[in-house]
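Structure first, commentary second.
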């Protein structure tokens, strides 16, 4: 096995799903069972991915394999290249994508069985896997953008897969449009990079930055470039304030939610940010951290009150993604990736588990109609519980380690810079996560069945659906990442597989603790210098145990609270919600973000103003008027979005074209001789031009 | 005639084409099944000539007593014409049955027109250019009026004929003046002595009149007036040929005959001419296209604006620009053929469904067709990664190299304007409900042609380098 | 050969002008077409003049081909005019304007 | 005043005048007949230029074939006479005449004042040799064989086309 071999297998991993897509799409109408081909292809892809990951991580663990070919030349000096970058992160991601994709394929065989467009569904899964692998493998930002859009397209197709349902096709459109908002920023960032460095390759861009070449020769524009590129991630990873599309995306089939909207595609934003980590300045990282913090906090509060099983999971996804983004913003590079992988497995497990529940309950999604399913769906329950323990950060799970690392980093960040807000929010979110996840488990699986009829018909899902759950739950156990159940820092995942980030932004623009000072400690020399200062390492070291204990206490108390509220019913939940009704409705209505962005912003204002009234009735009027005006303005603006983008341009152009038509079309009289007169007239002018 | 076997071999594309015409004539006269045989024979003939030309691009030579060039870019032009014509043949098969105007002559005349184009591209003497042009034009007049029971087709044919012959008058007069000042019609002589000849005003006037004549054929403002009327009036498939093959052939003749303009330190005295008509064509085409409701007229105006972009390449006049023009012609041929092909499919009997509003809601009725048309529209608008983008890109870059940055900027602005009416079709297809209910007749042969064009458009967009390398090797 | 070449050329240019004027002003499509033939002939005169004064036969050969083209043009053009006359019963090109704007 | 000059002026005058008459008659048949006369006088001009072959072809092809075709069509269709020449929209017509005349002035300016022709030295023997049938025929079938073949296809296309477009019934 040589490096070329790895490259060739990676090429196969990239293109096999495309083959599956083409074959399945073309023959879908002719051959009923063609989906088996797609499933087979994905199985092959999975084995190839496992093989590549194994080879790379065992024999080439320190190498960065880069393969490039010239695509075409734009000029003598600028040529656009296609290329791969295969490092450890790449192969781990390839494995994650291939595994979850394959499991989702298996799961869908049963889940989607009665769908009329069965084959097309599998074809879409194929194109998605292809584009996601493309994002993972690429070494340049142009290809990443292309695959980025392809992923967006396949996501759009799959969200709107049941397009007969208006809500589904609307959700698809919403996802598409919201994502475009982010992509515009990303595109602008790419343009800045290309104009400055004349290349799209990450490697060359980082080299040039390290050599001191900055966009427009200013630190500010380097920061801006980072933020603009990150905007792509805001859209794709559903970060605040563009997070609104993800919960709606749950209109798609549940396996799709597991694959695209929980495990892989939404993680692409985080992956992008990891890839561009080298060029981020401290300001950009601050921005990223704040966005991440808001995205971790707001959806967590919303998830507390949701009653749709998939919506809870969706908000929890946004929250966890926010966690990762925040972690990246505060410099916890390795733990971000760790959490990304761990989250991919347990969240996919949770979604597929919810799919199994929904399947058993005949497409019932409201948890208030469930209950007691533990006995009926024992395997689903067990795997769901393991994944829940993982997401809550209970020891012996992968989530415990990854979360612990992030929280410790936030502690260290707080002690080094004085910004404790990230640590506080991080712990709060950990508490809320444990609470709402156990609330979900308890209401769904424990207690008495609320809908007796459906309960009686429920039975454990077939093997193809349960097997993926078991695999994913298994991968949520710590042993795959580290031998030490309490500390992952020395485990192979963190210390061996993940190299420290290479920072290329100028020193003066970085955080103090990320300077390459003489005192930089090299943990593992084979991975290049660790770019964190000694004080950071010390702070991390000191933060580790307190953070772990605090996190554990919070997770357990969240769990306990959930048990008190919903299992033992020590506190009457209804009364409590009555007591904090405004807060409750606020959370239940998802902070009114949809209303904020949609036309019905005015209705949101009333809720908003009630909240304010709860604080101080006296200033209500003034704020209502102010906010009312503002929101009316906003609602006019947002309401006009549809009309401006689609109808508006058409209408405007109709006026414009009518006007232009009046002037220009009249030349076209339909009479040959007027045409000829114009011709002769032009000939005169031309002859004059050349007669001098 | 032929001095050796190699000459014969190099002339083979023309010989196959000419022989094919004679065989088609015999098929048409003697075969009972000519309705089935002739279309496919025509398509295969075009395909054979096109592939042969592409495979033997390296046989560069000058044959037949300095009358014809072979190999190199000539062969690439052959391939563009014949493969384009093959697509036209495919989309015609069911279309002309729809109008109940099956004449075997249709395919015959198609072949003669392509032979004319090939002669224009291969010409090394003004004689051959002139005869090729006339062979093509006369075939076009006939094709335009082929649907002779329709008043619109008659009118299109008459207008095309009158304006075309008028242009012929100018071309002949121009050639007469060129001959009078150069004392020969050999293009090689003119090319080598271009700098000296341009001091002779008679020669400049001759070239100008000659160019004006060709400006008719490439549909450049202000010689474009026939274009919308003729495209609207004649059959859609025929209009597809006019807008692609006719335009490419005229460009090939300009490049072949005035190569000196683009090839030397003599300087391009006609840059002002080209610059002015390119700007006028681009803007006139894209602005007036916005006001059109008939999709064929819209495509006609779009064809005018594309002529404008192509002429930027002639104005820039360096090697890169000529390569860009050839690339653009290849790309434009297939994207336009695909678009016209889809229009011909959607078009109902009696010229219905030609209004652009007929395309509203097409995505729900015929999602695959809508997707294809969207790709073509994006390509025409110059959206990467489709062929149209790279065509424009190469031409604009070449213009900047020649210090015609202002022209490139105007080109970009015009593309932005023209993007509007292309994207409008896409918006109509995907975001508007269908206004009227009509059935779209399916046609496998037409779909074959359309899909082929789309694939070529995508391939040229994804791998523009390989085609461009092929072109630049011979410039 | 003692007539200045300009005489012939001016005569030719004049006939070309008359032809153009005829095309631009006449309404009968057939007469318009005849005016185009006049233009071609004036160009022929230029060619023959140059050919004769230069003493090479290329120009006259070209005229031969122009005549061929003119014959072909005439056949096709008149056929088109007949076809349009069958449909509209007129050859007035001002009335032949359904296609516009 | 040699005979050649006299003949030139006679034929030139006839062709110029017939051309003008041709475009000013309202009756198309009269126009056609004057065009025949114009072509005949052009043949005469070709003779003064020593172009014997072309002169004969001019009579046979143009006057003999093409114009007869025109006359046939005119008699077949019998289009009604146009109204007075400057009747409808005279402004446009006058404007057309003026711009056409400007083109003429420009070309005349090029021919006369730009003096582009100073390097042409007339040579009588070459001129006579160039115009013979022998010279033209030899060139035509050796060097210009490609255009000649192309002309063959052109006539084929035109014949087929005329048939398709003008045949009355087609099945």
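Letters are used for the chains, namely A, B, C and D, taken in the order the chains are written, and counting of residues starts over at 1 for each.
As a convention for this text, a residue touches a chain if its C-beta (ideal position, glycine included) is under 8 Å from a C-beta of that chain, and two chains touch if they have at least 3 such contacts.
Please read all numbers here as calculations on a predicted model, not as lab measurements.
Looking at chain B and chain C, the chains in contact with each of them are A, D. On a Cα centroid basis, the chain most remote from chain D in this structure is A. Between A-C and C-D, more C-beta contact pairs join the chains of C-D. Annotation: 72 Å between the Cα-based centres of chain A and chain C.
Between chain C and chain D, the centres computed from C-alpha atoms are 6 Å apart.
With centres defined as mean CA coordinates, chain B is found 47 Å away from chain A.
Note: centroid distance chain A to chain D, computed from Cα atoms, is 77 Å. Multi-chain contact residues of chain D (touching two or more other chains): 96, 99-100, 103, 107, 110-111, 114, 117, 120, 144, 147, 151, 154, 157-158, 161, 163-165. For chain B, residues that reach two or more other chains under the stated contact definition are 127, 130-131, 134, 138, 141-142, 145, 148, 157-159, 162, 166, 180, 201, 205, 228-229. Multi-chain contact residues, meaning those touching two or more other chains, occur in chain C at positions 16, 19-20, 23-25, 32-33, 44, 49-51, 54, 56, 58, 61, 65, 69, 72-73, 76, 80-81, 83, 93-94, 96-100.
Viewed as a contact network, the protein chains are fully connected, with every chain touching every other.
Taken in their complex, chain D has these residues touching chain B: 107, 110-111, 114, 116-117, 120, 142-147, 149-151, 153-154, 156-158, 160-161, 163-165, 170. By the touch rule above, chain C contacts chain B in their complex via residues 16, 19-20, 23, 29, 32-33, 36, 39-40, 42-44, 46-47, 49-51, 54, 56, 58-59, 61-62, 65-66, 69, 72-73, 76-77, 80-81, 83-84, 87-88, 93, 96-100. Residues of chain A touching chain B in their complex: 70-75, 146, 646, 649-650, 653, 656-658, 660-661, 664-665, 667-668, 670, 672, 675-676, 678-679, 681-683, 686-687, 689-691.
For chain C in complex with chain A, the residues that touch the partner chain are 20, 23-25, 32, 93-94, 96-101. Per the touch definition, chain C reaches chain D in the complex via residues 1-3, 5-11, 13-22, 24-28, 30-31, 33-35, 37-38, 41, 44-45, 48-58, 60-61, 63-65, 67-76, 78-83, 85-86, 90-92, 94.
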